[in-house]
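Okay, so chain A shows up in both of these, paired with chain B first and chain C after.
Then we have the complex of A and B:
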């Protein structure tokens, strides 16, 4: 095992710890604002994992779309839906039941993934961005166009839902 | 590295399930769903390296997953605002007009 592989694995574990910690804080804190900021930290750490898994373009997309778009959208929705409240809080219901069920589901998925014999690392490609661009404008062109239509439809739907009716 | 990615993904998915089960606020529910969705996308990216890396199927799937998540967040937050205007709260337990 070379030194760069060692560093990659170390970084993978470090990003994983940040991601798991951020996710845990996001679901466990009662403050909605802190929950959304922790989600931003979690998403950034996941972008780091994407980079280490040889998905450079996806890492950039993750930061642009998730951290720059969805987290900011959530912050705006929070501010608009908690007018007059300085620090919006949310209750956590039935924590014991939720912990038990999520433990069972997580243990089941973990058991399945750890007992399956997975190859450690594939060949990969030298230029992932090049290959992804060729796939998007080649074999996957129809799905690429379809996602554009879906995005447009969702934007129009969101506008229609929040529009105030004139009387 | 694949085993590590799959392990991380299972842990994150379980955390997301915990959030969905215990939260009542609509925005918190969306946060938890995004965590579960990212856990799934990590799997797609990890397996993209193993099988047919030239075809980029896994990464294309992941890209579309991120796109769908953006649509979901836009419509979900629009619904949150609409519900807040009508009910004055984003707590999903207060939306009980159809309750028998």
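Then we have the complex of A and C:
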């Protein structure tokens, strides 16, 4: 194993620690603001992992959509509703059901990641963007278009809800 | 190139320190240039006393800022208050990493460099929101909300405009985009894109006529009202680093960056960037400020449809050129 691979391994582990730490902190802290910031750190660290796995495009999109979009949206919601004092966990009616669902989903993800043949760090092709673009407009066209329709429907729904509240 | 682990990290630290120093020097130069340009436009002489023709004024200002007391409001959220300026300044400096300053002078030729440049400033918004929220002050809070709303709104038409360049170049790498303009710069092929890029960039980096978040007459100083000393300097640094990055990126995307006869690439890029920066300053001291609601209406009802139409137009141009 060469030195540069060593460094990549080390960075991979470091990002992993940040990601796991951020995720844990996000669910453990009582302050909603801190929880959101920890989530942002977690998502950024995952973007770092994507980059080390030679998925540059995915890494940048992760920053673009999740850190620059979703986290900002959450902060907006928090600040406009000014409910920073109350933790969202307090609003869950059936914590047992929630916990059970989380375990099932977590186990599913774990099973999937353990059985799938994942590429090793540093491996990957340079034209991953090209392949992804072709897949999105080729074999995966249906799911791509479907997601577009779902997003459009949610935008329209949001508009309808806002209008009803105004009347 | 193989290096031992500690050496690699030392090199990384050095790169980081160099980037920060360069951005600091750049900010000093830009602030001085801005003060001189504004003075010229307003019929004044600008700073004159420190150094020849006031050339050392911003250096003196920087020393003053670093030595100032760091005041934190008593009710401020300490962690978020500290995190805010960092999250604003770091992405602004990071975005310089993909700008090709000349053939070998690009820190990282990512094959998604253009997308990276558009994505990284998104992190800035988190910093703005945090700074405004943590200050525990109405002006800061409103300023933070306004500037992030503005940023998000203008990010969309700006990205859609840059897509036209990517379509024509057929690559997301900034170096490839530059190479594709070897004969004709994209400002000639896509004049409307160039115009849209300039206007939306001014809005995204919160400069006049789009500097609502800092509108002195209504919001004191927006999200950084409560900041002082070095933390305030970080906001300032981020603002000018963002201004420079937007101009340099515009020069690379539309004016052919370092391409040009005789002179070395870095000189050409500097000349083109300086021209864009000058236009930015010129606009700042010529046009009045928009109102917050006018600004948002402009983003969603004018720039978004215009950038979508521009995308179709670019596709038609591509078809006509037969590429």
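Operating definition for what follows: the second predicted complex is superposed on the first by the 118 of 167 C-alpha atoms of A that agree within 3 Å, B and C clash if a C-alpha of one lies under 4 Å from a C-alpha of the other, contacts with A are read in each partner's own complex, and residues count from 1 in each chain.
Keep this in mind: a contact is a pair of C-beta atoms (placed from the backbone, for glycine too) under 8 Å apart; a residue touches a chain by one contact, two chains touch by 3 or more.
The structure displayed is predicted, hence computed values, not measured ones.
Peer 1: Touch test for A:60: chain B only (first), chain C only (second), both, or neither?
Peer 2: In the superposition, A:60 touches chain C alone.
Peer 1: Would you check which partner chain A:69 touches, where first means chain B only, second means chain C only, and both and neither mean what they say?
Peer 2: The answer is both, since A:69 touches chain B and chain C.
Peer 1: Could you say whether A:33 touches chain B, chain C, both of them, or neither, answering first, second, both or neither?
Peer 2: second
Peer 1: Taking the superposition on A as described, I'd like to know which of chain B and chain C A:79 touches: first, second, both or neither.
Peer 2: second
Peer 1: According to the contact criterion defined above, which of chain B and chain C contacts more residues of chain A?
Peer 2: Residues of chain A touched, chain B against chain C: more for B.
Peer 1: Would you sort A:137 into first (chain B), second (chain C), both or neither based on which partner it touches?
Peer 2: In the superposition, A:137 contacts neither chain B nor chain C.
Peer 1: Go through the superposed model and pick first if A:156 touches only chain B, second if only chain C, both, or neither.
Peer 2: In the superposed model, A:156 contacts neither chain B nor chain C.
Peer 1: Report for A:10: first if it touches chain B alone, second if chain C alone, otherwise both or neither.
Peer 2: Touch status of A:10: second partner only.
Peer 1: Once the two structures are superposed, pull the chain A residues common to the chain B and chain C interfaces.
Peer 2: 57, 61, 69, 76, 80
Peer 1: Along chain A, where are the residues that touch chain B in the complex?
Peer 2: 8-9, 12-13, 16, 19-20, 23-24, 26-27, 32, 35-36, 39, 42-43, 46, 49-50, 52-55, 57-58, 61-62, 65-66, 69-70, 73-74, 76-78, 80-82, 90-95, 97-99, 101-103, 105-107, 109-110, 113-114, 118-125, 128, 131-132, 134-136, 139-140, 143, 147, 150-151, 153-155, 157-159, 161-162
Peer 1: In the complex of these two chains, what residues of chain C are touching chain A?
Peer 2: 2-5, 8, 77, 79-80, 83, 110-112, 115-116, 118-123, 125-126, 129-130, 133, 141, 145, 148, 152, 155, 172
Peer 1: With touch defined as at the start, can you tell me which chain A residues reach chain C in the complex?
Peer 2: Touch list, chain A to chain C: 2-4, 6-7, 10, 33-34, 37, 40, 44, 56-57, 60-61, 63-64, 67-69, 71-72, 75-76, 79-80, 126, 129.
Peer 1: Within their complex, state which residues of chain B touch chain A.
Peer 2: Per the touch definition, chain B meets chain A at residues 1-19, 21-25, 27-28, 30-32, 34-35, 38, 41-42, 45-46, 48-51, 53-57, 59-60, 62-64, 66-75, 77-82, 84, 90-91.
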